[in-house]
Each structure stands twice: as C-alpha cells, then as structure tokens.
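Just below sit the structures, each encoded as structure tokens.
Here come two complexes built around chain A, the first alongside chain B, the second alongside chain C.
Up next, the complex of A and B:
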C-alpha cells in the first residue's frame, strides 16, 4: 500500500511551544533539594505572598505514576502474520488486517501472549487465566481501524510489584531499594506512525508498526521523583531484556514512557495530575519528570492551578509543553472485541489432557523456564565474587559487561575484587570515552585476562599494565605479552641487574644517600622514584625498596 | 434446465447432458434478461466464463473438484471477492476491488463453483427490504409470476402497469431474487437478524442461517460481528445441505469458528416422526402476524402431529425484549465497525481536505446513507461512558436471557422449534417505503433475530402461496451445531408441502414448463 498523504492542522503544537527564554532550566535537579521527609521537596521559595510561604518552607510531595509501553519482541504482529522489523521501508510490512481492509479479522499471536505472561510472572503479577480484549475508539490517521484492540476490562496480568535500587545521599554513595506496585499488564496493538511535514502541510503514514504487539505496564503512583522513575524504568528494561519479551531499546521506540505527575502538601489530597507523554529516552526521563514537578510547584506557588492535561517533553528546550489535545476530552467508547474469544490460559493442573500443547499457553511451563532476573543475578555476583553491591548494578547496567567480567575472571588467577576495578575503572571508562558498547570493545575478555595474568604473576608492574592496556585498545592484534616484549615492560627479574641499577642511582645521588643515612627516611621515596624512572616502570617497587634499604644500611 | 435443483444440475453435468460453459452462458444470458430485477450489482462475466472453461476441462479429464464443480453461484456483495468489485451497495466502497477472497468464496471456488456475480443488498446489509442500497431496490421475481398476476394485478391495474412490483425483503434480497428467478443454483447471503431468511421467505426459496461459529466470517464485511453468519440460499433443503458441507469448518483466520471438524452429511428421509418433538413458541404469536400466516403455521404444526410427532407449545419469555436489545447491540457494533471507513486506506475519499478531521467528516457524510449514519450515531451514543452501563451492558444481559430461553426449551426435550419467518407475505415497494428503515427492520426481524442473538441454526422453508399468490415461508430453529437434525426435519416438511414453482411469464424463453412441483398439495 502506498503511503497515504493528506493535509492536516499541525500548527497548533508549534504555536504553543514555549520560548526558550521563558523556561527555567534545571541542572541535574540542583534547583531543588530533598527535604527531611523522603520524597518531599523543599521548594526553596520563601515568598510571603504564596500560600505555602505562611508555613515557612512548605514541603511539596510529588507523586509519579508510569504507563510504559513495551514492544513485544516477536517475529510477527499481535493479530496478523506481518513481520515485525525496525526501520523497514515504509508500508512494506502491512497485511490486509493491519490496513484494516473490510472483512479482515484478528488472530491472536501466541508468542505475544507468552511474552506477556513471562513479563507478568517476572513482575510478581497474578496471571489472569481468563482475559478479554476490548476496542478503544478514536480517529487518527495512523490508526486504520478507528479503534485499537486492547485489554481494558480484564487484562492478562494484575497486582504485581517491581523492586528497583538507586543511589541516595549527598555523595550518592548509599544504595537504597524501593518497590513500585504494578497495577496491570495488558496486551494491545501499536499504532502506525505519522510523519508530519510542516512545510508542505502533509502527513505521511507508515503502517509498518500498526498492529505490532505491545505490553502496557501500568505502575501505581508510588514514586516521587524523576530519579526514582528512571531507576524503575531502567530495572524494568533490564528485566524485559533478560526475559527477551521485549528488546526494550528506547531509541527505537520499543519502550515508551508516559508519566502521570502531581504535587501536594503532605497530609493533603493529591493534586491535579498532568500526563507527560512519549518520553522516548532514558536520558530525559528523569529530567522531564523533575521539570514537570517543578513547573507544577511553581504554578501553585504563584497562585495558579495545575490543569489536567497532556504534555509533551521537548528535549531540545528541556521543558514540557501542552500537547494539542485530541479533540479535548476523549470518550473512547470501549466495547468488547467481538472477533476474539476470551483468552484462556492454563496451568499444569487445569490443562486438559487432550489439548494440543502447541495451541495453549501453560503458565507453569513458562514459570519453570524463567531465566535469572537481574536482582538475582546481582545477589549471585556479590556472593560469588565478593564485589560490592553497587558494582553488581554497574555490571548489569551495561549490556554484556557482566558476561565480560565473568569471562575475565574465569581466565585469570587474579582476585575478582581486583578484576572488577579493571573492568569498571579502566575498561568501562575507555568504552564511555569512545562511545562504544561492550561488544564493540577492541579489548576482548581473553586479552584483558592475559594482561591481568601478567600483572598477577608479577611479570609487569601495574603502571606497565596500564600502558599495555592502552596499546591493546589500539586493536592492532598484538597479545599483551608481545606488547610487553616489544616495549620491554617486563619487570627486571635479574637480581644482579637490579642491584647494579640501584647502585648506580645511589652513586649518582650521594646527597640524597647522605640525607637518608642521617635519618630522613622520606628521601627514600625519591630514590625509589629515580630507580623507577631509570627502568621505565620495569622495577617492582617493593623489591627496589628492599634493595635500597639493604644497601643503605651497609 | 435452469429451474432444476443444484443436485440435479450437478448430476446433469456429470452425465454430460450439459457442459459448464453452456450452463454458465445460459445463466449469464438469463441474468441479462432479468436485469430489471436489479438482483445483481456486478456481473463477473469474464471470470465466470473462464472458471466455467476450467471446470469443463476438469470434467473432460474426469478430475472434478466436487459436487459444485461447474455450478453457477452468486454471492452477496458484502463478501470480499478478489479482483471483483465489492461495494456493500454503498458509495463508500463503490469501485473498491478487494485483494482477497472471503473464506466462504474461496471454498466455493476451490470446489469448482462458477461465480456469476455479486448480488444486491441494503447498504452494508442494513435493512429488511433490499431497498436501501445505492444501486436501487431489488424487485421480487414473484411480482412477475403468473401466480401473483392472475390473482392480483388484473383486478386493479392494466397488465403493463409496473408500479405494483414487490420487494424481496432483505437484506440479501439480490441473492434471494437470483435463486428464485433461476439465474443461479445457489447464492450466499449474510444473516445478522434475519437477512437471509427474510428475503428467502418472500422469494419462495430455502434460506439457511447456520450456527454461529460453524462458518468462517473472514472476508464478510461485518454488520454485527457477534451475530453475523454467512447464509445459504437454495431452491431446496438438499441443496442447502450440500453448500453447507462445502462452507462449514474451522478457519484459522476467524477465531470465532469452532475447532471441531465438521462432518458433511447427506440428508436422509426420516420415516418415523414419532420420536420427533416440535416446539411452538407461544410468544411468536405476535401482533401484526397475518391470519394467513398464522393459519399456515398451525396447519404445519398439525402436519407434524398427524405424522406422529409430539408438538408442544413452549415459552421463550424474553422474546419481546429482543427487538430493542438487538437495536442497541447492532448499532453499537455498527458504530465501531464503520470507524475504519475514513477515506485514508481505501474506499471513497472526499475532496474536502482542509484538515484530516474535515476530510473524515465529509468522506463519511458522502459515503454513507442516512440509515448507516443513523445507526452509527445511535451506536456511539450507547457506547458513551455515561450510557454504556445502561444500554450496552443491559442489552448484553438481555441477550444472555434470550439465549437461555432457547437452552431451556431445548433442554426440556424439544428438538426443533417451528415458527413463522415473516409476519406476512411480501408487499409492494410503494407500500414498504411508507415506513422508515428502522421501523421496517424492527418489524421484519421479529421472528428471525432471536436465533442470531442465541447463535442458533435456523432455516426458512417455502411453504405455500398466500391468497395473493405470493410465497409464505415457515422457520425451523434447531439446537446449536445440530444442522443435520434441523435440515432433516426441514426436508421432510418440504416434501410434505410441495411448494409450487414460480411461473415467470415472458421471462423464461425456453418454454418447457415444469412439472413435479407445479401444484401445491399443501394449501391450495
């Protein structure tokens, strides 16, 4: 099907964009501080004319709930056989059903159901053995049927929870774990994409995404800051990726976050909430929410009211702006989807004996095959390797870093507690500097392990090891040993050679020798440094000290 | 030759008495001769002849695909036919050529059937007269029958006066007229509230609405998804059984079809009626039921009783809520189903394109007639958040009660229910249009729609001619998925009543008059 082209009113959003000058810019949340009570925010304003001012620094409490759309990782769409693929040519993955040709009917994709059940189990949900599909009606150019098939009344999973951790405290060095309740997980169709061409007043429609399976994860408003929301989303993302139920790549729109935000004074009723839509980047998630919290506080303190509205985050301007509301308040006119019978799931007890296993979804079967979740993996890392909990977070947060670490540990004699330092300080630092993923690293786990083995065996010093690492980063295909040889970085093992060098240094620096002999031990370090310089780091500092001390006492 | 049954023509083809091409050509020329009936919207002459040729080749090689090989059929114009325009008699889909075949159409073609064309209907099947489509009303072939003309027309009007032509009923009026006027041997209709049975009764043919879930709806452009069923129109009950055998069965493209494999059956004549239990629902003795139809109904009951069957009066107490309940459910689903017609992907698109919203509104105003727009409006009203509970949910509950009524009756030992199909025989177009579509639909669906609510199989069998010389049909409603029992009873009844064949004056060129069904033994 060719892309449909039509004109539409698209000016309103542009017209309502705020000018940069009007926008108070937040820098990493530094314009506000946490007050005494967890989750409450001191506004920092002491304006006598504001109602809050009468009570001194009135604390505000923010309430944040999230609705997250995760695209299900599946070969075909939720109700049709069309392929699912990112960045395919426009309208190349559209079945008759996806284009809503009259007379077409939905046929539910089992893989999508399994992904939702898996996710529900991982999020401690109750899985509904019977769930229903509904139609949600609204007119939009990228919604060909005029309705979306979703699960409004009876979703596939309900009443779960998600634990996530974040760093708190002034130096961000204290790790705390919080829990957010999961209200429900529902299966639903994605819409197509509208590409608005403002200059030509046209909208181009791409239906490749139309009908792709989504899991909408609804989180209760148990969070109180952008940071918490970001941590919760990050944990969810890791879980989805671990399960394989969604690739959850935000940049590809596979994970889309809408945030419900309101503020109120403790002990008072919740404030009017706004919905910040389509936050498609992990980087901006916390900023968007924190901006919205601050905006609402500012409005209220200025005697204004917060309107129940939908806002979009403009990442260029760093602020939220009111969205052109889809014709004001929508009535979605929900109705049961008559073309889909109730979705019935089984467990091992309820599974009828004569049922074809290819045609049913068995909850117990899925539960037994759930992989280790990130939280379990972290505990295991801490227990097995003796590393710090925060290190386990970093290992999991970078895709593939945990496996890399484990591979290095497996191939070295070095203590994992020392290995983690190399991984997190050197390796990760280089990756970040060069904007690379773990997979793209020019230093393989084997090479790093070789290097660390040289260090561990005492063949090179740690400063030499850093030089070798730098060489390895160039990716010239040399082994650490080759580099050590070429650059002559190995520690001097020959005792005699060592003694000679030390002797030479002492002879060349008689004044210092005298000082030491007089009792100024500090000068010894200078001599050690000089030996190191002469050997270009090839001397074991402990050995150097021993030799020097022996000779000085002679 | 065109007046024989499907089974007979199938035998004739097998014996080589006629070739598929000959048969197809005869049907096509007869369609042209009866063009004034307005039964067909599209005549697929070229593809039909090609299909007939292919069929002929198969007969030559002795490799026919099945009983339908070479048999000319017609399909209501709300089933998708690949490469053949599918309009739903609406401006919205005028010129729309679907890229795929409805499952039922594909099954007919896979059996070697020859698709003659697409038959006329009310716009999007919304109506009970086949009068409300953009291609104009369908005329009932009985308007031109000797039986009707002899009794009626001569008294008041000169012979050539045409103003008294009769409606077919609807919404599958085109299919009913096509079968009745011998332009095809079987036709597909759709049945949501009686749309197959009502015109079948008015046109003197057999109309079968199978159990919901037995036949795939994939490719049928929906009216009410939870009630729509493809319907079968034939000249006799045996033929309906043959077509049902071809169409029934699970379709992975329609999740509401049942998984159990369908075993096609041949109808046997039962000899012993004594084990049969016929229910007569008293609520179907409704206001507006013509005395003639009532008399026929009770005569039919006697017929069973005299043959030794048990005939028992039963109650379906929630029947009277059926019409209003149907109205809420139907319009709600219509509002939803019609949302896709926005002018973007297919179908009519207005030239008013100031904005997407303006384009939507103009497209839908230009594309739909008043009936469709009216139903969309009421349906959206019922689905509004503030009304949903009071209307839609309530209607669903009532629907459940109506369905339960049937369960109770069948549970008490009733095998088949016998009811009228329509209030009376058909009426002239000029009379029909005195009431609006909504009123007519509510009246005319009264005996038929409950079977749709409950998903049950039902069949109308032409029973006798009225005093005006027009057909009257009676309806049998069976247990879910018990088509074989239902059709067996219907066939026995059909055999007893000997419904007379329509005598079309001056239309049939080939003058051989037939024969065995000429006189009604039942009620003449």
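Up next, the complex of A and C:
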C-alpha cells in the first residue's frame, strides 16, 4: 500500500520535472528500487553524499556536447595538391608540405572553402566574410609539423542550428523535433594515421591522411542523452551527404564524433566533463554516451569526483577507458598562422567589379545552388504522397530507398499509402536480412510495380503476393506474371468453382456448420481457413466469407 | 644658389633639434614630395614656414636614408620573475631544456625586451593578423598536382618499415618535477 502511494508520488514528481524542463531525467536505478520497498521513503543507505532532493532521491541531468569532424569530399588536400583517397599504399599521397619539410607553404583549396560555406548555409549559420587561420600546437608522431592549422579565433561560420527528430514515448512511436545550436564551423587539417605495433614497441606512421581538409562542427551542449546525440549525428550525416560536401561515412573515418559528457543536478552548476573519443558508428555513439553518463552518476553517488580527462570507448567491452596519452588539460598555445592572410568571402553586394572570379567565393551564388535538404524532402514526401512523417524518415534514412519508392509509385496504380507498406515492411525487411543496399536489390522497382498492379487488379490475393515476392527475391529474372502462372497463384475467378469448393468444405465439416448456425461466429473463420487451404491460397477471403454466410443463412 | 642650399643638408647634419625629430610631420611632407618633386621644390622655396626646416633629400624613391622614429625613454619596466611552475610547464609543453639558471636569465631578458611593446599606446588600433596585410588569400583550384614521391620522403627517415615511418609508441610525457633530474628541483 505504502509502495503504491510512493510510486504515484514519485511518478507525479517526475512528470512535473519533465513538464517544466522537457528534459529526460535520469535517476539511479538502484535508488528507485529502494524507494519501492514498502514502508520506507528515505530508508537504507543512500550512497555517498548526493544531496537530499524532495522525497529523498535527487535526479541527475546529463549534458552532452558534440564535436564532429567531417572530412571534406575534394580531389586534393586542404593546403597542398596531393590526392585524397581512402585506401592507398602508405605514404604515397604525401607532398613535401604534408610531410612538413622546411621551405614549404600552405595554399588553400577553393573547393574546401565552398564546402564549408555550403555546410554553414545548410545549418543556418552566419558566414563570416573575414575568417582567420591559427596554429594549434601539440606533439604527436602523426602531426609532422608539430602544429595543426585550424580556425580558432574567427571561423568560417558561427551561430547555427540543427533540427533533428527522434522517437519518444513508451512505444517509440511519437516523433518529436529537437534543435541543437551550432557554435561554429571551421576548416582545419587532418593528422596522419598511426598504427600501433605493441609487439615491437613502435608506431608506424602513414601520412596519406595528413593535411586532408576537415570541417569541425562544434555543437553547444544542448543534448542530454545518447539517443539524442545519435539522432543529431544521423541528421548531420544526411545533410552532408545531400550537399555533397562530405561523404560522411563513419566506418571509413570520414565522420568522427567526440562527445563531451557531464552530469549535474537540475538547478545546480554544470559538472566536470569528460571527453569520449574513438567512436566508430552512430550506434556506438549512443552506447558510449549512455555508459559514460551512468559511470559518472555512479562515481558521484559513491562520493568520488569526476576527473576532467579524455576517455576512449572500447566497443568490444562497451565501456570507456582513460586514455594514457592525454592526461591533464592540454595547452595548445594558439597563435595566428603567419603564412596565411585572412580569408575573405564575398556576396553579391560586396563583390568588387573586376576580380578574377576564380579567386572569389560568392556566398549568394552558393546559397542559390543549395540542393533540397533532408527536412525539406521529408515534408515534400508527406505532402505529395500522403505518407506518415515516420515513414518519410525511414525512406530518407536508407540510401536510394526514396527514389525506389517514387519509381514504384509512378509505375503502379496502387495508392502510395499502401505502397509504402510494401516498401517498408517487405522490401526493407528482405534487404536487411540479406544485408544488401537498395542498389544491390534483386527486385527492381519495375518488378515490384508489376506485382503491386496484379494485387491491385484483384488477380491475386495478398498472401499470394507475398509468395510471389519471395520468389522474385531469388533474382531468377522471372516477372511476377510468370511466377503467378507457374505456381498457379491466381485467385479463382470462376464463381461456380468457388461455390462448389465452399459446398464441399461445408459438407465435410457438419459440426462446424451446426456451431455457426447456433450463433458461434468464430467458427466461421475456421471454415474460411479450410477453404483457403483447399484452394491453396487462391481464394479471396472476402468473397469466401460472403459465400459461406450466404450458404449458412439458407 | 639652389644647389648650395641643398648640399648643406645632404651632409647629414643633425636636423631639427636634439635627437628628436617629428617623424610624422616629416612623413606627410615626404608623401607630397613623392607625388610631385618639382612642385614641392617650388613650394618649398616660396613658403616661409619651410625655410630653415629640413628638406628631406634623404627621401629618395621610397626609401628613407635616415631613421625617422622617436626615441622612447627607457622607463624601467617591472622585472618579472619566472616561477618554477611556469618553467616546468614550458619544459613539458615545448620540450625545451633550460639546462641551468643562465638559460632562465636569458629567458627573462627576452621577456623584458618584448615587454617594451607595452610602451606603445594601442587603444583603438585593430590587432594585425598578418604582415601580408591587404593581400588576398590565394585560392588554389582543386586539382591533384603533387604527391607520389614516397621514396624521396622515406629517404629522410633513419628507420622505415614497408614504406611506413617509425615512431616511438605514443607520447612519452616528461616525468613530473619530483621525478626528474633537473636544476629546477635543486633550487627549491
């Protein structure tokens, strides 16, 4: 009795806090269980020195900020003319500047500037017409110069926002839109790659990646869980891929995310934050952040303090471990890059008349040529085809699925709302099972459209259609019509044949007929099932029901 | 007559009074001189203000032959001592070795020398970003122009393994002050 009252009080308290702040509130699972123990409100040992909130348990709020490095999709590197390529023989794409040989100077790549401006415009940022380059000094073997050229004082774009959606609610069926503010977008150099050879106690350095242009997107700490962070990163990935400024494939290291995580009680100052690195996919991102939040809560509730350190995420163990190399706060000794004057960007108003247009990056020109962003595409899909917003999300999430859907709708008479069901439930399911992309699918949009046309015309039943689909998936090149004829899956069109079959079934199951006549309607379904089995799925269930009912009422 | 008057000035006698000359006012007259040599000569001859003052023949073709700056009194700037913590921090960050107190003194003198900049009043002046002041940053086209020089690059390294450079495993941070054998420790 006491426990139930406790639960109700706690529930309303949580609801209150959630309403006021619209922030997911975390509480230590252990404490919750203790509160449920009958007869006690704040009994037992309350771990550590967590301050006594109302009802004896203080909720924690997590604060997550992301720093995302996206590799710019360009032919050559940011400051030198060497090629940008993912897998290449070691040290084969390195120029003298990338290797930091004395006497070399940086020359900025125009395409990288355009990519940064495009991304800034897509994320609603203010583009700085004058931006400056700086040097960030630190020693590491894969940074041959000993410093990285970045933009710390005055970056290319500032003060933007990124809107993303995520599923909330118990059944994860409600989509809410959240926004995270973008602090700045800056251009910087990538470092080389180091392969650690622990057996021989040495590191092998490959400078192919050194000097490649990166866009660093710094987000304000507006998020509060791993799920939100993963959704934001996914949305950014889609935007970058749509713009073409980056291919943003996390597996190839083209999109790297570092998370800054801290926890605190609502209303108090922010806690000490830790940085989590070495996250290789969006899924691991959510897990890493959630693990780190729980670890910090546990530490604080045990009375210890959280250290300001850098931790690496070990995806095999699913936990974060401290990185030995990055102890303590780093002093980067930022200094203006003396070899590069300020980068000046122009718009239509400020463009001087007789400038060499190869030297000009015109913000307005780029803004006019921005493609449709994912959010705009989703709205258009919903408007044009009448599908649900959640469906538009899934369509855009899968590479090529939206075009596939549009092609099918174009070639079939079926209502798009029904087509989307086939695409999302059947098509996507098969693709995932066989781990294929839409482009590799053996079922083309034409074949699927044919199948759906047959279904729409009433030539086959939906269960038969699923059988045909399975057959199509084998990729033997047969058309749906051929498969239907081979397997004799067409619906029986002959009325008389139908009536005969129904009659036969009824005669064979007199008991069930008696039951139905007595008023037990459920047995009718059994009869329908029997008819279906006899006809091997070639009977239209609606028609069967009609005929049976007509017969039975006689 | 004309030439005589000028020749007296060319000899480089101290101009103006003492060791100061108003660099700015000379400068403006210099620019006028640069634009129209003949004009300024005629103007100078007739203008009573300019009789007896320096005619900068020392300014030829854009290069000053004599210095035009002001001497600033060497006000004794506060002698800043560099603390042991800062020295340890610097040694760790920049991997320099001060070796002994003489090195630290050299550092302090260098700081004092640079501190002279504080004597200049920079209120309302934008900080200079680069000596390449008004020049535009050159934008290069996105073409592949260099890169396949693996052998040449690897020749610079003492040890290589299958076209990789070899480096020690990770960063080996400098041990803490207590664990190091350094003169900084002794002083304490």
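Following the convention adopted for this analysis, the second predicted complex is superposed on the first by the 461 of 554 C-alpha atoms of A that agree within 3 Å, B and C clash if a C-alpha of one lies under 4 Å from a C-alpha of the other, contacts with A are read in each partner's own complex, and residues count from 1 in each chain.
Definition applied: a contact is a pair of C-beta atoms (placed from the backbone, for glycine too) under 8 Å apart; a residue touches a chain by one contact, two chains touch by 3 or more.
The structure displayed is predicted, hence computed values, not measured ones.
Participant: In the superposed model built on chain A, check whether chain B and chain C fit or clash.
Facilitator: In the arrangement built by aligning on chain A, the partners chain C and chain B clash.
Participant: Would you check which partner chain A:334 touches, where first means chain B only, second means chain C only, and both and neither mean what they say?
Facilitator: A:334 contacts chain B only, not chain C.
Participant: Should A:147 be classified as contacting the first partner (chain B), the second (chain C), both, or neither?
Facilitator: After superposing on A, A:147 lies in contact with chain B but is clear of chain C.
Participant: Which partner does A:198 contact after superposing on A: first (chain B), second (chain C), both, neither?
Facilitator: In the superposed model, A:198 contacts chain C only, not chain B.
Participant: Quick check on the superposed pair: does A:100 touch chain B, chain C, both, or neither? Answer first, second, both or neither.
Facilitator: first
Participant: Once the structures are superposed on A, label A:406 by its partner contacts, choosing first (chain B), second (chain C), both or neither.
Facilitator: After superposing on A, A:406 lies clear of both chain B and chain C.
Participant: So in the superposed three-chain picture, is A:108 touching just chain B, just chain C, both, or none of them (first/second/both/neither)?
Facilitator: both
Participant: In the overlaid three-chain picture, which partner chain does A:206 touch, first (chain B) or second (chain C), both, or neither?
Facilitator: The second partner, chain C, only.
Participant: Touching A:135 in the superposition: chain B (first), chain C (second), both, neither?
Facilitator: first
Participant: In the superposed model, which partner reaches more residues of chain A, chain B or chain C?
Facilitator: After superposing on chain A, more of chain A is contacted by C.
Participant: Between 129-137, 363-371, 417-425 or 453-461, which run of chain B pushes into chain C after the superposition?
Facilitator: 417-425
Participant: Once the two structures are superposed, pull the chain A residues common to the chain B and chain C interfaces.
Facilitator: Comparing the two interfaces on chain A, one with chain B and one with chain C, the shared residues are 96, 99, 101, 107-108, 137, 139, 141, 203, 205, 327, 331, 333, 338, 340-341.
Participant: Quick one: which bits of chain A touch chain B in the complex? Just the residue numbers, please.
Facilitator: So the residues of chain A in touch with chain B come to 1, 4, 6-9, 96, 99-108, 135, 137, 139, 141, 144-147, 203, 205, 327, 331, 333-335, 338-341.
Participant: Please give the residue numbers of chain A that touch chain C in the complex, ascending.
Facilitator: The touching residues are 74-76, 80-83, 89-96, 99, 101, 107-113, 132, 137, 139-142, 194-198, 201-207, 324-325, 327, 331, 333, 336-338, 340-344, 358-359, 361.
Participant: Give every residue of chain B touching chain A within the complex, in rising order.
Facilitator: 79-80, 86, 88, 93, 98-100, 102, 217-222, 224-226, 252-256, 332-333, 335-336, 338-342, 344-346, 353-357, 359-360, 380, 383-385, 388, 392
Participant: Sort out for me which residues of chain C touch chain A in the complex.
Facilitator: 89, 93-95, 129-133, 135-150, 153-154, 156, 161-171, 173
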